[in-house]
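What follows is a set of structures for review.
In what follows, subunit A forms one complex with subunit B and a second complex with subunit C.
Up next, the complex of A and B:
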């Protein structure tokens, strides 16, 4: 099917290889440093023997753990809220007049298309206008605003793929709207709903640039890490980075599998 | 008759509520905040108080005062540089993936996308720990005897910010370019080969032109994200890395001048919209020809 072009392929492969190294070297270096810390003996550098000390220290670091639990709460609440809103918007898009649907969609997509700095400071100013103090609530609102587009997109694609015949059949057979939603539409959309929520969770858990504007004294994990890194080197960060690396890899892999399964259905 | 009238009214009420929720919520949480920061950019700051007196002083300050304009131009230059390099690399990488068998494509694409889901702040930190003065790169080169002294330029310099931004935002350009290539029907390539084109000719005359929308999208994503990023320059650039995004952010933190910060943010926003428009224009012109 494709013509052979050994020279071209070698060249492209070289660039791809360099790209992969550039992307993964920082992550792998961090993981390695979490197990083998760098030590300096009489000016020459070497690696300390394998140790889990940074991991032990991590478990004892109350600040990091508190920030981690805040992040988990924020990501859970905001991704579930985003799911509800995304479903509502998606149903609206397929049922409302085209112009209104597109108007809604444009507004919903905006925060994801604009630079995060713009989304962050416009929410900061809006919160100030209505005298809403910065804290957990403002962080969650900001995250919902930012991740709804992602869930909406996933949900809408699946909903449009589903078509209207199932809904019509269900309504014809005497089911109420709520029953149709509960027993016909939602089960059909489960892969999209789950992968949408996981994706939203991952983005919320990691969100830094917008959160910096609206966090106030509340700190999520990225904000806590940001503050710690400004001060200097903390070995626990390497351990935490490695753990997060493994978790995200697992979640991403799960999303990938689920989306493939969803396509096959 | 009576019941159907009641049902009509119920439907109308439900539809009304639907419009109110679906249009009202985005209006309230997206559009009004954006409008409000544009409005704030025209207000006056006096003795630390925001006064509702309309003024253009904040915009005038951008052109006349201190280092705003030079830093702005430097940041545009830096972002363009990252965009150019990353789009070139990403096009090559997307082509590499495109030329694999369908089974391999997904796997390779996933391995390029995986870092996208890794914690942003930790990636910045990792890059810093490699580039830093006492970072792995310097230490390794010292250890191998390639250099006698750590290269200071590797951290807290424009080069360091450039490398960090390029690495961080590489996947954002690969994805749209690959998706555009993926949409090219296989029989176009077969037809081109049947007509006697060499692989390089097919690449130049068929693949790359059809991939243009993806390349434009990748360029726009990269520019917008690098131009607006204010944490990476601070983390790896130190005091040297004073980019436009950092100036905007500092107006909402230490400098505490919201009207000026808003005006600078409007300029930042206008710049990104201009980038989007230019990319769209370049595509349309190609289309007409």
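Up next, the complex of A and C:
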């Protein structure tokens, strides 16, 4: 039975509470400030009444909308590409000899664990060496490189959980490898595939540092936000940050749902 | 007659471990063959080799005279019922059962008709729309069977399919399996570690131990005439009494033991007089009222009398056989009412009920 320690429990609760507040207070403040702007009225600071003006301004801002669409394209394309690569890696890993598998495991993960500045710089040098002009393509390649490990991890865990008996059953019933993949393996992995892609999408959507190196004249949303803050603070920044936070929160929630669906299967 | 399937001198290793060592098995058409052995005996490996899930390191695997070793899993005319059933949980029962036909590109109407037919055969007529997760263990078992028989294979491989079921359901599924096999006329190769199940179901049993075949034959033959100490003790209860072969006359053997001179009979080639042997006699074949004046037989003292319902198990010992418990089973009727621990009895048996076993040197 669990030992009761009321004091310790209370202390842990308090620390956790403070931690949560510290994490979420800035986010909440940003969100609040996007609806209630700070204004100076006759020398004193105060809050303006509720207004959606920053959001309206955001929608009217062509540059921001262009950056948003670039970000969506990059995140969609790179997370789908990452899914295909991650699936191939995972299938290889479960069938490869142990030594090779471990070597590959490390190699796939390294770009994710390396400092982004190193990854960004290496990619920049590589693109220059092969004479690949910076733009949408280079951003997508860079994003694929560091989101593959995330998708790979999600997919591999599910694949290992599936084990070999369903594959064997399918082959035993006369299915080819391709049919087995299509009718048995992929449907069984669906929750993992979706949550892997969502996670990759969220990371790609928010990535800034590596993108800065390889973007060229292209602008993604985080880079746009960064640029806006350098020239001066406008209320749209709060609105944009709030929107990005909400999108990410929604994706995280969806991933949670998918993982629970995956556990049920 | 050519056998349906022939494993000829098959060997298999995993790294340095030899799991199968020169296995010879033939399966006849329509036969219910059980491969019986303890866990780790290699019985599942035999099944996986037939199914194509494992390759072989030596010997050959022939199906109606054709070499199967290069034929991949999905082209072998066998289907498997897996121990964990391996049902596809994202598919309905009907989709699971129809899978084998679907991947062969059969028309939808034909699949639907066959699925309905096969579900009827296994007694799941109306449950085609359910998902496996909504079914009981026994029902899933039937889905797995239906899925395996729909493509009309020549042989069905069953890997301990009843081990996950409770006792009552098990007995019911045993009867069902046996009648299904008779109705379909398909050969069944059934893997189990449960000797009672093997005896109840099989036309023929192959006993495997440590990657080798110990003995094979009809259930009754194996039970009555075991030839190795392993078969004698793995199939049912047996008393194994060590001794040396004193004399042999045709099948009839006389064995000298520390507790006296005993009778037994031998099948096949007999060992030379003077060899170390075991006398195997079933608890139900030992008489407690043998003639004390008879030249062969042994005396024993009752150690314990255990009431088991329909039966009584009497445990006896003889001081000349230290550590050995001799078990005698009797119907729990008046004939054993007077037996109490400490009573002295004279044991005997018909020579035909005692098998002479050779002890490996």
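Couple of notes before you dig in:
Basically, the second predicted complex is superposed on the first by the 264 of 265 C-alpha atoms of A that agree within 3 Å, B and C clash if a C-alpha of one lies under 4 Å from a C-alpha of the other, contacts with A are read in each partner's own complex, and residues count from 1 in each chain.
The criterion applied here is as follows: a contact is a pair of C-beta atoms (placed from the backbone, for glycine too) under 8 Å apart; a residue touches a chain by one contact, two chains touch by 3 or more.
Just so it is clear, the structure is predicted and the values come from calculations on it, not from any experiment.
When the two complexes are overlaid on their common chain A, residue A:208 makes contact with subunit B while staying clear of subunit C. Judged by the touch definition given at the top, the superposed model places A:185 against neither subunit B nor subunit C.
In the superposition on chain A, contact of A:165 is made with subunit C only, not with subunit B.
Of the two partner chains placed by superposition, A:68 touches none, neither subunit B nor subunit C. In the superposition on chain A, A:173 makes contact with subunit C only, while subunit B stays out of contact range. Applying the stated contact rule after C-alpha superposition, one finds that A:117 touches subunit B and leaves subunit C untouched. Of the two partners, subunit B and subunit C, it is B that touches more residues of subunit A. Common to the subunit B-facing and subunit C-facing surfaces of subunit A is no residue whatsoever. Subunit A makes touch with subunit B in their complex at residues 1-5, 8-9, 11-13, 15-16, 18-20, 22-27, 29-30, 33, 38, 44-45, 85, 88-89, 92, 96, 100, 103-104, 107-108, 110-111, 114-118, 121-126, 129, 141, 145, 202, 205-206, 208-209, 212-213, 222, 225-226, 229-230, 233, 237, 240-241, 244-245, 248-249, 251-252, 256, 260.
Subunit C meets subunit A in the complex at residues 51-53, 72-75, 78-80, 82, 84, 86-90, 99-100, 102-104, 147-148, 151. Residues 165-166, 168-176, 179, 183-184, 187-188, 190, 265 of subunit A touch subunit C in their complex. Those residues of subunit B whose C-beta lies close enough to touch subunit A in the complex are 18-19, 21-23, 25-27, 29-34, 36-37, 40, 89, 92-93, 95-97, 99, 106, 108, 110-115, 117-130, 136, 139, 142-143, 166-167, 170-171, 174, 186, 189-190, 193, 198-200, 202-203, 224-225, 227-231, 235, 245, 248-249, 252, 258, 261-262, 265, 268-269, 272.
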